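Which chain is which? They are A, B, C and D, in the order written, and residues in each are numbered from 1.
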């Protein structure tokens, strides 16, 4: 067993480790929502920005997990590049709870929304790297090629909307976050609509 | 391997991710119990509401894990709907530590108990969605049908008791929580008693 | 697949969930060790009671993990009783970080040491329950019987030392903790010495 | 199934538990980065030492995970020594979040950097122990021997640089941390350069 080829057994362990890290990232965000000690429901309602930020970040991390899950179904072996691209993806995702807490505590100020939008974009760079590695070293059958083509299209549309969102944040934080939410909804949709755009 | 059919391998990874998230949810609640810095056991005894809230929430999350475990034994493949219903279930469960901390810190006030009872009901909606997806896309053998029928009955009885508990919370928080505890005990019981009610 | 028999596949998922919970319990204890903000190494040295409490608790949880790991190798199927005994074990283990933080913050006072020693004994009751379930429903081959017999012997010796430790805590917290440490060392030893006592 | 021989099934569960603990260690460090409540990006920029400490520690823990992953590919069975060496490695890694928080909060003072550098060296001792156990009890094929030889060489070079880093910390914390970063980069590199040094 060489350092760069371990087959599906190695892939499974990388998946399991990634699942562990993503499970923790998605769950520790809830620790940032501190239950108010003061009596009265109005103190609970006052937490709505923190709650909205939590919902949006939860959706994003969940989408990355679903995409990671599907992408790894096409991985064939573990290379050095795959390991480090995956670790880079997990690193960028680990910044999401921090950016979420910042967004909530700053009550969706211009600055905090911009920081949040930019941090939320970092995993997409790592993801593109990871996908290119798996495209190169992974399965080469028709289903895999179909998957990668479809995924790249969806990624391009999502990035375009997201980039507009970052620009719109300078006008209004809510317009920026609406774009981010739109991207999340886009990922929740099944395969059809975007491929239709491309005649696929 | 298409986007919507991955067989039992895909099911296993969804199970593993869910296990990770539920394991973290059930464990981080203990972080809300801050050890008192003052000397004297009376400061420890004063924490009993926080401890009771922890025990009840731990039992609920454990029950969801056991039910999730049994339900997924009947899943045959991963569809888009299953992924998102599962992620919705994990999201609603992730609110439990927050509601638990709120209940403990508000010392079982009317408001906090109502919030807690309502938050604890959210996972049941996601669970009904998840179960309907698995009933539709999962195994169709006699054991699966028997399982789903039994599980729906138990769910109906549990929901009726739980809804009474929410109503009773307006009278007394303790009456409401007693209903919640009764539901927990109901789930701990083996298969027999409820089916007997239905002549099953 | 009935509700009470799922074979080794079910056992594996219970193991995986238990591993997740134990991994979190053993790791979150380190979160209780807050890095001092004041300059100077003397503030770091002042944390030694918290560190000692962490080391002892880490060893205990690790020992429970090792024993759980070995015990489950003899499980054959998942029954209701096994699920709840296992969840009870995880619950009692989840109290360890709390008791550890209390011990460290109270600087090993009589009261805190007594609380700690008692909390650390709770998992042993759940473990005895779990082992009796697996002994009854698990594998019945010679290796399993040998394992259970050996394990019960070790458990009896450990409990006797530990109970003496609780009694000694009334005299001196350090004498009590020394007994707890002795029990930990006993578990770290290989199979031989205790069986020799019993002529095994 | 004796206490000391469980084959690859036992190895897999030890791997899974280790993955869980390492996943939590690598992720909880981000909890130490508290989002500033004050408005203005300058309060965010002021967090750069904490962020740098996080990046370096994340890289170290990730490297240990990758090495652990590769090392365990050569394990054949679980012995007592392997279990405890592995638990010792996880223990030393669990101190990394504490040392990281200390480094960040002390703003890279001489003392804190020295503490950090020393704590970061502890896992290497446990790793050497673990590797010697696996070398003795694990697979004995040519690939395994090649792996162990290569890994020991890399470890020797890394330790030499790291030890220089500890010495340099007395001159300047930044020189010490630069050595630690150099070691991290060394591990990120593929197999070639160091073996070339040894004519391998």
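Everything that follows uses one rule, which is that a contact is a pair of C-beta atoms (placed from the backbone, for glycine too) under 8 Å apart; a residue touches a chain by one contact, two chains touch by 3 or more.
A quick note: this is a predicted structure, and the numbers were derived from the prediction, not measured.
Bringing chain B onto chain C by least-squares fit of CA atoms involves turning it by 90°, to the nearest 5. Set against the Cα centre of chain A, the chain with the most distant centre is C. At the interface between chain A and chain B, under half of the residue numbers involved are used by both copies, so each side presents largely different positions. With centres set at the average Cα position, the gap from chain A to chain D is 26 Å.
Centroid to centroid, with C-alpha atoms defining each point, chain B and chain D lie 37 Å apart. Residue positions 16, 20, 23-24, 28, 31 of chain B are each in touch with at least two other chains. Every residue of chain C that touches chain D in the complex is listed here, in rising order: 15-16, 19-20, 22-24, 26-28, 30-31, 33-37, 39-41, 44, 55, 58, 62, 65-66, 69-70, 73-74, 143, 147, 150, 188, 190-191.
Note for the complex: chain A touches chain D at residues 1-4, 6, 10, 13-14, 16-17, 20-21, 23-25, 28, 31-32, 80, 83-84, 87, 90-91, 94-95, 97-99, 101-102, 105-106, 109, 111, 115.
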